[in-house]
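As structure tokens, here come the structures.
Look at the two complexes coming up: chain A is in both, with chain B in one and chain C in the other.
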Partner chain A sequence: MQQPMKQAYADVPVEEKTRLYREVVQDARFDTYLYGCYECGICVAACPSARFYDFSPRKIAQALAREDVDLVYEQMNDDVWNCSQCFSCLRCPRGNNPGGLITIMREVAVNNGLRTTKEALAGYTRIIYKIMTTGTQVSPDMLQEDAFPDWGPQVKEVADHLAVWRRALPPETMHTTALSWEVEERTMRELYAIWKWTGTLDMIAQLDEGLHDIMEEIMDDALEDSGIA
Partner chain B sequence: MAMADRVLVVGGGPAGLEAARGIADLGTPVLLVEAKDTLGGTPWESYATLTPHLAPTRELMAEVKGAVESHPLIDVRTATRVVASEGGAGNFQVTLEHGGARVVEAAGAVVVATGFQHFDPGRETQMYGYYEYDDVITLVDAERMMQAGQFVRPSNGAPPRSVAFIQCVGSRDRRIGNQYCSKVCCGIASKQSIEVKHLVPDAKVFIFYIDMRMYGFWEDQLYWKAQEEHKVNYIRGIVTEVIKKGDQLLIKGEDTTMGRPVEVPMDLVVLSVGMEPSAGTLEMARIFQIPREPHGFLATVGEPLDTVTTPVPGVFVAGAAAGPKDLEDTVSMGGAAAMRAVSLLRRLAAQPA
Partner chain C sequence: MATLTPESTKNDRTVPVRGTSVETTKTFRPDPEEAPEEDLREAVLQLEREGEWIVQRVPEPYYEAPTKYGRMKKIPYERTWHHKSCGQCGHIPGYSTSIFWLNRVLGYDYFDPRDQTSCTAWNYYASATSNQAAQAAVAMRNFAAAYETGYFPLIHCGTSFGHYKEVRHELVHDHALRRQVRSIIERLGRPFVMPEEIVHYSEWMYAVRDQLQARVVHDLSSIVSTVHPACHYYKLQSGDAIYDPEIYGGQRTAVVTGVVQALGAQVADYSTWYDCCGFGFRHILVQRDFTRSFATLRKIEVMKEEANPDVVLTHDTGCVTSLDKSQFAAQAHGRNVGVPVMSESQFAALAMGAHPFRVTQLHWHSTDYRPLLAKMGIDAERAWAEFQEDVKQIEAGTMDYLTWEAVL
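The block that comes next holds the complex of A and B.
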């Protein structure tokens, strides 16, 4: 639906916006993620991000239902990364999944290498690298005093004696400092295989080609050594 | 004067048909008076299909209509009007007029089932251009087109690419004087939106509403179905004005849940007109001296547990003459009025003279 107000991304051709919109609605999951919207706002009321940002899962569902390609494009650039993907919005009485719609929109944004997506995810390349090469996300040794000054002086205390603190944890698999927990080599190979074969690794190519190439080499070598590839 | 063992039913629509059939099946003779040339009332005359199952009206109503027409205890008088009444419960002396000739008939009780008329969207201050623009039509006009198996723009006969329904036209409006909800228009508009998509699959269909009132099973039978299976777009916000722009109609409103104004061209605009008491209902209120409730419809006593007894002894009401009704409620009231009318006559007959 057209609107007389000033439009964001007016310089992007409508054909391009329509192409991305179609990629979203043609996703196999779309029909079970958006049935119909009452516009009741229960998803917004449940949404933790909506409390802190100008962000509304309801408007995501509505923009898609209204086939508003301009607004969907705007949301794909400016809104979808404000979602924490907690899926509190699943309490929708119509069975909609606004968080799932955002998942699809994010994937389309990443696959198409939108500039705003690259910017939004720039700070996460370290985490992507960590997850995709080690199988765990935030590692204990990331918790350094300079990185988290607002967490107080105990961060330094923990960081200085990290190995001791970690050994105090009951599960032996968590006596790690550079990884969140021990990941078996076989598990790692399986993860590499999944990421390569599902196209997850390819998504990174649009975001950060250098990072992609490094990870692909690591994965290919490991898979080759194990005889899977 | 002796008691008349007969019930006068005024109006041959769904409520009157069911009342007449019920009374006759209980063994009491019926005099059924209908002003039009044929029985069946507003649905028979104007509706292509019935809500909520989209069944063809005439196919569905033919059974009850035929049962009434062939019933040995029902005296059907079409093209006939009630013009005067004297007497009261047990012995009404009612003057009927048919083709200029008048006769007086006796009845012990009366069921008024004279129904409603659709709101005239050109009458009041709403700026929808019903009488100015060919492509602004009402739900009733749409039904008539669908009776002919088509849905096109009256201006050029072409299928519309975009259709906007505007809800609550003539309802819920203090300025117009109708403060009530007409109950069925949300369902009818949703039903028609599904039919529009059947007839014109490529059309974009919008429904502009204040609240969607899809009570009971209509929720998923009509509302969810239209929205989910047929991608009908429900937009909360009422259109304030329809103006002509080129060969299209520009509708102006607010998309209230998105918090932005809407100004979009449409090929066809359908006004969801509400219900008002019909001319016949007002005429029966005068003739039988039935008080009207605050919204203008025939008053009943004993609400909510008695839906059909009017303040006038011996006079009962069924259907939309008593207020906006869907067909289920209308027909149920026909049955309830039949039971009350027959039981009144039996009570009177049992009294010592």
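The block that comes next holds the complex of A and C.
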């Protein structure tokens, strides 16, 4: 006899699931990202992640539209990090934005420090550090063979010649190795202020307290003498 | 040059080129009056009249290009403030270098700022460790920096372009967000400025395509390319992307394709043109099994089978990276891949006589580009020897760095 499917995250109280669901639907963007669902599947047909994962943008839209707090909670834990954020799903004839809904769900997941979010972003924190402290997301010195072994020997060749190849670039702003281009001190300090004033730095505390503390110290030191209140 | 030369790159043309003509005699002419979306630019100007922000005007002279619903978009020729891309400058620097080189060859005044951050949207779409206010403040800080120089923002990255259009939409429609971000920008001592148009560099390429064509020095008539249109260029805020009734019957964006055809190369169609490249933002950095699979199985292999191109051309940071770098592992498994990938700015620069290593910096790319250069009539070995001489001089300290004077 077939056993009934066990509900995922059954141990999480429905009140907690409802609280997170409400955070999603109260986001200012939510009302313009979800209008209903024809169940036509066009978003799924266009979705790259649906081809490789057990993932469906249609189910995301439907779960939110049906106020299915159990399924939304499950998706927030098990599905949203599979999305490619390419927004191919904007082909939706109903005008939905499933990719945008996922952006909101991810923000809520980060803000609430969900365990699965920490796991999904565990290998990603060095990127967060790079973008938040330098203003450029990737840098030339990130091209290392141990980080990109599947990209072949060309990565090692870049790494071996990095400093001199960067100087063999005509644009004067691009002779950098730790940043993608030269960023002024004032510019970085203004970015730090933005992270602090908008609560973005606080979000990191939910994700990785150690990373938060390191970045807070860098930003506070930089802002202390900057004249930026 | 540690690149692979698999059998599959020996491009014996057995696949007929299916071009950009649509299989219908019907002509679709979009009517702006029947557009399904509002023209946000009108709201931007209205908010200026209400004192909400300053609108930075597109400097004259400008080109007027048709967009998806038939509205015209102003594209500046010069006095452009180059909003660089972190991925381009960091990992494929010939991309940005070629854009600058083209501006210099055409004699256009531009500004390459240090008072610029990344849009930070790569991180946002990867990790969501940000929020609406922060993303909008980063955008408006960069716009303020551009305004203060008197130069107009020209955005290199497709994701920055798409994300900034989203930010503009949110700032126009959400007055609470607008007030919050305005307060942040004013606290930084900056003006609160929205550009009259949000312009991607590939739109500038489209605007100057005839000027590029006039400077082509290589015969490209035998070169077959496939074009990957970048998702964040035309799927986000889709009404604000260039469409031309003459290209794909106005059913797909005309940027890249219009430029490549003007340069004299062929553009071949393929069935998975709408698919993304597999970049995934988070996936390309920490879950690349997905990126590699999608980029090769759904894009490169389909292109090879249906069009057998000499080169894949696109107009975004992540697309060049995903489609190029993903091919190494697939080649190791003997898959039908092996097509060089670059931006149309690099391709145009090559067509106009730019040095393949000093300007287009192809040694940062993985998939073998030498068969393409040979077919274009460019001597890759000689060019590499010249570049190696530059490198020796830099290493010996007899040259500080490669200058623009040396490459123009």
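Just so it is clear, the second predicted complex is superposed on the first by the 220 of 229 C-alpha atoms of A that agree within 3 Å, B and C clash if a C-alpha of one lies under 4 Å from a C-alpha of the other, contacts with A are read in each partner's own complex, and residues count from 1 in each chain.
Criterion: a contact is a pair of C-beta atoms (placed from the backbone, for glycine too) under 8 Å apart; a residue touches a chain by one contact, two chains touch by 3 or more.
Bear in mind that the values here come from a model prediction, so they are computed numbers and not experimental data.
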### Task
Look at A:Arg58 in the shared chain and tell me whether it touches chain B only, chain C only, both, or neither; answer first, second, both or neither.
first
### Task
Count the residues of chain A touched by chain B and by chain C, then name the partner with the higher count.
C
### Message
Contact-wise, after the overlay, does A:Ile218 reach chain B, chain C, both or neither (first, second, both, neither)?
### Response
neither
### Message
Output check: A:Val12 vs chain B and chain C. Expected answer is one of first, second, both, neither. What do you get?
### Response
neither
### Message
Between chain B and chain C, whom does A:Arg66 touch in the aligned arrangement: first, second, both, or neither?
### Response
first
### Query
Looking at the overlay, does A:Ala46 come into contact with chain B only (first), chain C only (second), both, or neither?
second
### Message
Quick check on the superposed pair: does A:Leu143 touch chain B, chain C, both, or neither? Answer first, second, both or neither.
### Response
second
### Task
Please work out whether A:Glu107 is in contact with chain B alone, chain C alone, both, or neither, and reply first, second, both or neither.
second
### Message
Which partner chains sit in contact with A:Ile204 here, chain B, chain C, both or neither? Use first/second/both/neither.
### Response
second
## Note on the structure
Where chain B and chain C land on the same part of chain A: residues none
### Task
Quick one: which bits of chain A touch chain B in the complex? Just the residue numbers, please.
1-5, 35-36, 39, 58-59, 62, 65-67, 94
### Query
Tell me, which parts of chain A touch chain C in their complex?
28-29, 32, 46, 48-49, 51-53, 81, 84-88, 90-91, 103, 106-107, 109-110, 120-121, 123-124, 127-128, 131-132, 135-140, 142-143, 148, 150-158, 161, 164-175, 180-184, 186-188, 190-191, 193-195, 197-200, 203-204, 207, 228-229
### Query
Any idea which chain C residues touch chain A in the complex?
1-4, 84-91, 93, 96-97, 100-101, 112-118, 120, 122-134, 137-138, 141, 145, 162, 170, 173-174, 176-177, 184, 187-188, 190, 231-232, 235-236, 238, 274-276, 278-283, 285-286, 288, 290, 292-294, 298, 325, 328-329, 358-359, 361, 363-366, 387, 390-391, 394-395, 400-404, 406-407
### Summary
Seen from chain B, its contact residues with chain A in the complex are 224, 227-228, 231, 233-236, 255, 257-258, 260-264
